[in-house]
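Got a structure here, written out as structure tokens. Questions coming.
Chain nomenclature is as follows: A, B, C and D, assigned in order of appearance, with residue numbering initiated at 1 for each chain independently.
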Amino acid sequence: MKIFVNDVENLLVESLSGFAAAHGDLVSLNLDPHFLTRAHKAKNKVALISGGGSGHEPLHTGFIGHGMLDAACPGHVFTSPTPDQMMAAAEAVECGKGVLFIVKNYAGDVMNFEMAAEMISCEHATVLTSDDVAVENSTYTTGRRGVAGTVIVEKVVGSLAETGADLAHCKALGERVNQRTASMGVALSSCTVPAAGRPTFDIGDNELEMGVGIHGEPGRRREAMRPADDIVNDLVTAILHDLKPVEGSEVLLMINGFGATPLMQLYMLYHSASKLLAAHGLTVARSLVGNYTTALDMAGASVTVCVLDDEIKQHWDSPVQTAALRWGR
Amino acid sequence: MKIFVNDVENLLVESLSGFAAAHGDLVSLNLDPHFLTRAHKAKNKVALISGGGSGHEPLHTGFIGHGMLDAACPGHVFTSPTPDQMMAAAEAVECGKGVLFIVKNYAGDVMNFEMAAEMISCEHATVLTSDDVAVENSTYTTGRRGVAGTVIVEKVVGSLAETGADLAHCKALGERVNQRTASMGVALSSCTVPAAGRPTFDIGDNELEMGVGIHGEPGRRREAMRPADDIVNDLVTAILHDLKPVEGSEVLLMINGFGATPLMQLYMLYHSASKLLAAHGLTVARSLVGNYTTALDMAGASVTVCVLDDEIKQHWDSPVQTAALRWGR
Amino acid sequence: MKTEFILQAVDAISIAIHAHESEIESLDRAIGDGDHFINIKRGVTTIAAMREELSALPADVALQRIGMKLLSTIGGASGPLFASFFIAMSKTLKTQQEESLATIAAAFADGVESIKQRGKSDLGEKTMLDVLIPVAQTFRQQVEAGADMPALLTAIKASAEQGMLSTRDMLATKGRAAFLGERAIGHIDAGAKSSQVMISAVCDLLAQT
Amino acid sequence: MKTEFILQAVDAISIAIHAHESEIESLDRAIGDGDHFINIKRGVTTIAAMREELSALPADVALQRIGMKLLSTIGGASGPLFASFFIAMSKTLKTQQEESLATIAAAFADGVESIKQRGKSDLGEKTMLDVLIPVAQTFRQQVEAGADMPALLTAIKASAEQGMLSTRDMLATKGRAAFLGERAIGHIDAGAKSSQVMISAVCDLLAQT
């Protein structure tokens, strides 16, 4: 796999520098430790901080700005950031109402954010996202992975925080959105970690990885390629089996590209998934289609369904001004 | 190359249906002939219509909406649309001030739009975009290819049309933007036309195609992989050689991904290109980074520079509400 | 010309085109965008599906209908060009009192002329015209010289073949290959190849009947 | 423990890790996310670059400094775990009056204990702990039993090897492999492998001196 690179060691910093320069009106970048904040510090609100390994862009840096995050801490590619980043980011953006960390449920992210939380002095809380139903929940394990549904949590809680809501309310809403959101993905090709220089997994010309993770982790099973409608049916079935939404519910349907799948394909998947949801008596009231939680150059996509309620819908619709999501004013 | 597909014959219609459903607030779809218009017909303005082969999404359908296009006509993958599409679209969106066609300079697009123009009764004009400097201009040929710079033309003319400007003014501004805009791309891998099912070109593990077209057409030369800064230097040099901007000029810098290149990489290229432009005494006053004029699943990117003036800058900044570009209000 | 013959020609063209699928496809992949075969196939399939409707029409009207259908079916560069060809041919046939080989040759030449106009192109630009222009000339000259059917068909096929091969060493100045400069040299033009294949197929059909 | 020894151990670990690069990398690719080698390498390289600063410090302070540096360098799951290990080890060493093999064994055990706490994990969950817990036990038992240096080192290496191999047939319940269920079976855990390699390297270093 070829990539554009000067020195693989500098790739992340060069990319972050480019991002900060291209969006100077929205964000500002700190190096050593690496974190990005809004260009203009917000006041009187819970400060929302997320972060995680790089390679999932626009997650999380692309969601910094009015109506979403106050700061993001990018780690090395697919490697959780370190506590000093979160501590410095918290220091930079906390403005009296405490800090809410939004963390995807991976051992590394959880531990690094936990250590940061233990060391900061301000009030703080954490929402763990765990929307990936590919991996069945089990009491023995650490739970499910956090994937594309994280974007919905960040958007909705971001909007609530903007109203001046307190830390407990923000955390509670984040957890409710997480509970009402389920995702599952499928890969047609592997991603390649630049520093590793070779594909994370091998996959045949006629195979797909059902339930793949956003780091190219194996999912439920390796399968033969099938028609798109069949594949989407499996994803939607797994999601609805988990969510068990009441008939007539309004849902948000997100089709998330993993990086190398063209938009044309993503909209075709949207078409397929929305027909299925309608057949299950659900109303697709809101949509999001595009590359929002990527896995570098992996080909594939995930389906995410969030069962809406009035509060979630209102906060989804409210204005947002970030590099990757922008509407309203 | 694997793709998500049910029946390759239906891929386009399924994808357009998904697009229209996901963006029902912005667009509405007509099938047979295929064209998309704004959900709410505009009044008292020049109607802007673009179109071209599919596979370049979000171009052009993603740019329908307030401040940009009134309609778009999608052809089959990499195949220009047919005149009946443009005629029906013109009929649907013309509102008394004429129609401006924005057409990328390819023989097929030019001829099909030309035939439509000959057959419609309302006032009309055409802007041909030809920003690709990979192919040197020659009086013997049909000129240069229209590529990612088309997005800038559509945005800027779209804003002017919204003010109620007349057809001649819109055409003149479109042509000025086109003249002040130059692009060049590089591919690291080929794209695969779904109906063909195999890569358009073969490329070695250590090769790149310098000056590639947005359909995977060959460019200036096949070269060995080099550091990103070197590659960007070649692109920027070719662009500046063509544009010859006055020192101190303000420019818009666009880094356009062809489909399979991660955002992280695109921002790294932005970093590289913006440093070079600064070194040439230019001020990067505006930026756009992302997948805007794609070539299906091709890995690679293009650099576009538009030399701004006050009118262009004003119309770039003005509000836009489309599926793929959104700012202001 | 009989409409029945047109329908037979459509079938013959369909078979011939499919027999050359990978060749045409790879030529357009090399110096174009790889869709030329798909475009023609879409056209031929659509026309073949119109068999019933077309068979009730006089030949000139059928050709006009075919041209209009191709115009709204093929797209790309070849769509408007093929469409122009059939529409122009239909016009000429309609104005002719009596049908003869000479009037068909004239109609063919007018079809080719309208491709030149629509494409703003001519001989030597590495396009389908490098097949069609020589074929039109050969057709007219052989008919004027009173050649018999077998000789006429052999001459046309040879002319198409030669025209197709001539594109190999040309620089392209029209179509997508024009963007390639020197890099297009050494490759046969896809449209020239498909035109030669179609003409050849129609000649073979005529030879049988 | 001498700081000089710690620095030698860092070098030995660096060499050993690099010698097992592709093995560790492919283990984490199979049931993790492929970055474990890169993460450790980043840690080791950073610590090696602190040689001058560290060499001026007493061993317990050096270990504390190493832990803090790893915490802000490695990231991922292994970063906080390795960091906790060194910080806890440093704490125990600092409180010991006199240094002996027994105090080092106790410090090692405390380091492992802090990994268990940070990772909320224990033996049998297919992680580095399946190497570290048995090694800590063997270390303490052998020292208590009065084993001589060669016997101690041999026992520790054997215990690390066995622990590493034991992860092959386990279901994972912690770390990324926990998401795989049955599919993780048959693969050795990357962190278990890297821990075994590092422990082995330090044993070999001790055997030489």
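Throughout what follows, a residue touches a chain if its C-beta (ideal position, glycine included) is under 8 Å from a C-beta of that chain, and two chains touch if they have at least 3 such contacts.
Here the structure is a predicted model, which means the values were calculated and not measured.
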Everything but chain B, grouped by touching, gives A, D | C
Farthest from chain C in C-alpha centre terms, which chain would that be?
-> D
Taking each chain's centre as the mean position of its Cα atoms, how many Å separate chain C from chain D?
-> 75
Chain centre separation in whole Å, for chain B relative to chain A (CA means) = 29
Once you find the CA centre of chain B and the CA centre of chain C, what distance in Å lies between them?
-> 32
Whole-angstrom distance, CA centroid of chain B to CA centroid of chain D, is 54
Listed in rising order, chain B residues that touch 2 or more other chains are none
Interface hub residues of chain D, defined as touching at least two other chains | none
What is the shape of the graph in which nodes denote protein chains and edges denote touching chain pairs (line, ring, star, complete, other)?
-> line
Pairwise touch list, complete, is A-B, A-D, B-C
Which part of chain A faces chain B closely enough to touch in the complex?
-> 2-7, 11-12, 14-19, 21-23, 54-55, 57-58, 62, 188-189, 205-206, 208, 225, 227-229, 231, 259-272, 274, 284, 287, 289, 291, 294, 296-297, 299, 301, 326-329
Mind listing the chain B positions that touch chain C in their complex?
-> 33, 53, 75-85, 106-108, 111-112, 114-115, 134-136, 138, 140-142, 144-145, 193, 195-196, 200-201, 213, 215-218
Residue ranges of chain D touching chain A (in the complex, touch as defined) = 25, 29, 31-35, 38-39, 42, 71-81, 118-120, 172-176, 178-181, 183
